[in-house]
């Protein structure tokens, strides 16, 4: 059978290069186009030299993809830029998987409140599905616009979903997350300057990180209660990976001893969820699409503690996007995603 | 005036070498003895070669210190070993500053419950003061046994004390802490093997870390309520430093807008507390006795978020021990402790 | 066609887990047995938990493999242990790829001089081929014992081979190598304790590292001169990767301006050699079987400077072993080895 | 006695902040002025927040220092900018210690050849002394312009000086150096972006780094031969520190067995040189003004191997500048420089 023709819009960032890393070994697809407005005409392997010898692909402009008969398009563009593409290409036959935050929230109003910028394409919110396959598998299969989740939200939502959907917890949830530096993007800035990160650690965007509302909004779709999420991100001196340590309180009457059964049952058919009996570590998922989850109940304090670990560039971005593509085309959900963790 | 003669019991670990690092440049003291049963006869600088040229001190046995007319003794011994020394030397004239956990808790019963071992010296609990100078300065000044606080507890207790003593928060507190690897000690083990730590991150001892009860017990001395502490430690791929992110809920009626005033007032005379208007980072306190603290209130969720940063080997161990010594002898509390943070 | 049945002798170290990481996605093989005397009966994924969900393989004893009709065996055993296996299984039909140093040198005498231990199987030296495919491809194809090269030697020999075989350089060569910590093995020791490695750097085994003679001996097989190699290894605070910076002096009359042509010509058919026009970096080869090589001539000093980069666990161990297996069975040399570098 | 009044020109870089870190605890000086054209009016502790509570100093403009009656001025300015200050202030009574490269070389011509820019102040070359105290102590004492050495040159020159001055080695020398990232400066750029450095390693500026000529020129002042230096710098994933591994060949007839005596004798009165019997490590000198040096002779290859370690920001910059100041004023050479290494 003919392989599907893939377009990747945006070549210079980490999500772009991770998409290529994964798709090069995907059995069902060919990379037909990679675009970059700033680097068009250059080889992809000139932008990312570690791809030398692996890919022979010249970067093109977005306008060059019109004639290419693509089957699906991944948007590896910054927030605020994706919406232009989506609006301009809404009538094209191919589905779009958008890795930015532009269509993840409920409405343009919520977007504007948390992203501090206007939104130009209200209809996108109606068309889009929030692409966490473990929660919205059926909706994803026939959509033309998939809003691929944020990295922190993926770790938090997958960690909490069994408790929330089961109506097991009180409304206040604390998500204390720690992320590798690639989450801050490919561009050098003071916050990513090696001597500012190495052997260092700190919180940032306390109270107002925009992923807060993405987590809260998504969880509230699963819940009949109104959850409030206290989300605090921190910067780890590592390249990749997110660990989220999540605190919630059981409602009165909940059978807390069944907690591991609840998780097992909820994720029983999910190939990328691994439930662990020890707190999961970044390197156990590094380079893969796994989300490892640990949940326990503390009798002394009457709290649930859930800890999840993902690779922010894979399950938190490019890998989950490929998983969504696999669903779109009806392929095995794990096609192209059977990497073994890189450890050490 | 004659300098005070110092004894350091236990030379091979990080607290021992940090004590020497600090005390070598302390204006009021001479290091008279450093003991090591396993390395006695060797030079201290053979055990820690980076001290070559800085100190000429042969390691001796504990029994050699009897004849030395010491003015104060620091115990840099493991938990469970300190108690022997304290019991055997209870009638000596010199005060003892114990850096282990042997006398930090309320009672031998609590000790046995959390340390999983028996305690041989009940009287020590009556004699000891918990050596956080910012909270118990007057009690420290005339004690003969100072239980120097644990590293995590120092960061958590200093972060929460103003809220707890002011009776401002509900009884459930979450302390999510992240520590550098030196907290695991000087001895190589799988958990400290470089490829298991580098570019990695995970939680450990969820629900049952023994510092939980040290934090909870100390805070409850400051409080008329009965606090419950949910404490989760994590291992950072850094050498030194602890950041604790602490979540608490204001009681009804508390004036949350005054939060920064409460902290300023509480710590107004404390030379080692720096209140910050941004989340503090490890490298801003590295190598020093500072505890940097940030506190904010989130209106959306009605939570206080407090973040503290210390160097676990200094304010979390050797530096605080020296601060306690300064109080014991009536010296300037900052004597020997005016190091500038090592950044980068 | 039936897949070939693979045995891996030695499960607990890094070379064992890397072999599994690579072979799990190799299209032509099945892992039929993994042995461990110390952990037999356990699941492989209990020893290396990041393999959970990827492999269901119970560890067996070496003596259990007799009945298994294996097609090839990889030895991931320590130096000094491999020789026993090779001797005891010399009459078996399957070829053996030995990742230890036991059969890499010229003779038992040389082995004893540099490894400080006796050798029990002289005949192995006659049977073995030194498994650098880029140099000895034809010899590898019909051998029953392949001595898989050391990590440092792979980087040094591939860097120097074009100059040596061309008779272009004087007899004194300097190889200044820097390696990640996984080269020191999976077992925790003081030298691999995180605080001893992190933010640190130093040389070790100056003048007497046993890889010196492996480099020198192999190069001298390519040369009509008698080369002397000054080899200095250093420990980098990274998990994986070796960079070797190599200094040599052109013989009088050598056309130094043709240096890049010499390398291009020498490696023109080699899929895992990438010649670069900038000094190569570890992360550009991480997780892959590539060896990136840069060579330049300095007119001012009349020196060649060659810099090579490999992943010590892949091209320096498990990947090269798989490459050798591919040659043994006449498969595409890159089968199972098309990983994209993990960067970042 | 009145403390000397110090001016620091340039506040925002690492050398500026290291000067303040050291000088704050120097017994003989007061920091009278710190300048910054871009940040004037701000507090120094706003630019470097880790100094909060330690220094209360408002940044001023260079033109404000005229009225300040300074006793000595440190230039922590970029190359090419220092020369303007030196020229403009040549008639001032205070001596200038320039941490840039502007006056380290022999002549404007050499400067222009290696720095690719013109020089505006030829007379400075006549006035300046190259400020390595271990080699030029007497010349430093009565100079008004001290060219503080570069970081790589300090490590290379101190490592080689005993061999060079003794006329013990052949003319070709190889200096393979590895430096922490702070050597690249405080400004964020792609080369210092955390994911480009962490877990990575590579060489740069092969053949043409400008420190090559500084090393070569200085060594040739000590030598009657004409040395050629092959210098290759590499970037380590650490904050601070340089290790230089240096290869040289004994002249015929040199008594190679006396090598350690030669070093001991050469450095017998130097408080900041520590000769080691093991290859030195970065963390053994971190935060201090020490240069640790190891030298050995390899009989098998007839080479000397010398390895030196320094902290690039201290002995390689600010610390050596303070050492030079101590010589200028006739103080104890170690005043303000008795820090214990920060390890770990």
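Read from first to last, the chains carry the letters A, B, C and D; within each, the first residue is number 1.
Please note the rule applied: a contact is a pair of C-beta atoms (placed from the backbone, for glycine too) under 8 Å apart; a residue touches a chain by one contact, two chains touch by 3 or more.
Chains and their UniProt names: A, B, C, D = N-acetyl-gamma-glutamyl-phosphate reductase.
Being a predicted model, the structure only gives us computed values, none of them experimental.
Chemist: Quick check on the contact graph: shortest path length from chain A to chain C, in steps?
Modeler: 1
Chemist: Which pair, C-D or B-D, has more C-beta contacts?
Modeler: Of C-D and B-D, it is C-D that has more C-beta pairs in contact.
Chemist: Compare the CA centroid of chain B with every other chain's and tell me the farthest one.
Modeler: C
Chemist: Per the centroid of Cα atoms for each chain, what is the distance between chain B and chain C, given in Å?
Modeler: Chain centres of chain B and chain C, defined by C-alpha means, are spaced 47 Å apart.
Chemist: Determine the centre-to-centre distance between chain C and chain D, using the mean Cα coordinates as centres, and give it in whole Å.
Modeler: Distance between chain centres: 39 Å.
Chemist: Which whole number of Å gives the spacing of the CA centres of chain B and chain D?
Modeler: Chain centroid spacing, chain B to chain D, equals 37 Å.
Chemist: Which chain B residues touch at least two other chains?
Modeler: Residue numbers touching two or more other chains: 14, 182, 195, 198-199, 237-240, 283, 286, 344.
Chemist: Taking the touch rule as given, give the residues of chain D at its contact with chain C in the complex, in rising order.
Modeler: 172, 174, 176, 178, 180, 195-196, 198-204, 206-207, 228-230, 232, 234, 236-241, 243, 245, 247, 249, 279-283, 286, 296, 298, 300-301, 303, 305, 307, 309, 344
Chemist: Which residues of chain D touch chain B once you look at their complex with the stated criterion?
Modeler: Residue positions touching the partner: 14, 17, 20-21, 24-25, 48-54, 182, 198-199, 239-240, 271, 274, 276, 278, 283-287, 290, 338-344.
Chemist: Would you pull the chain B residues touching chain C in the complex into a rising list?
Modeler: 14, 181-182, 186-190, 192-195, 197-199, 237-239
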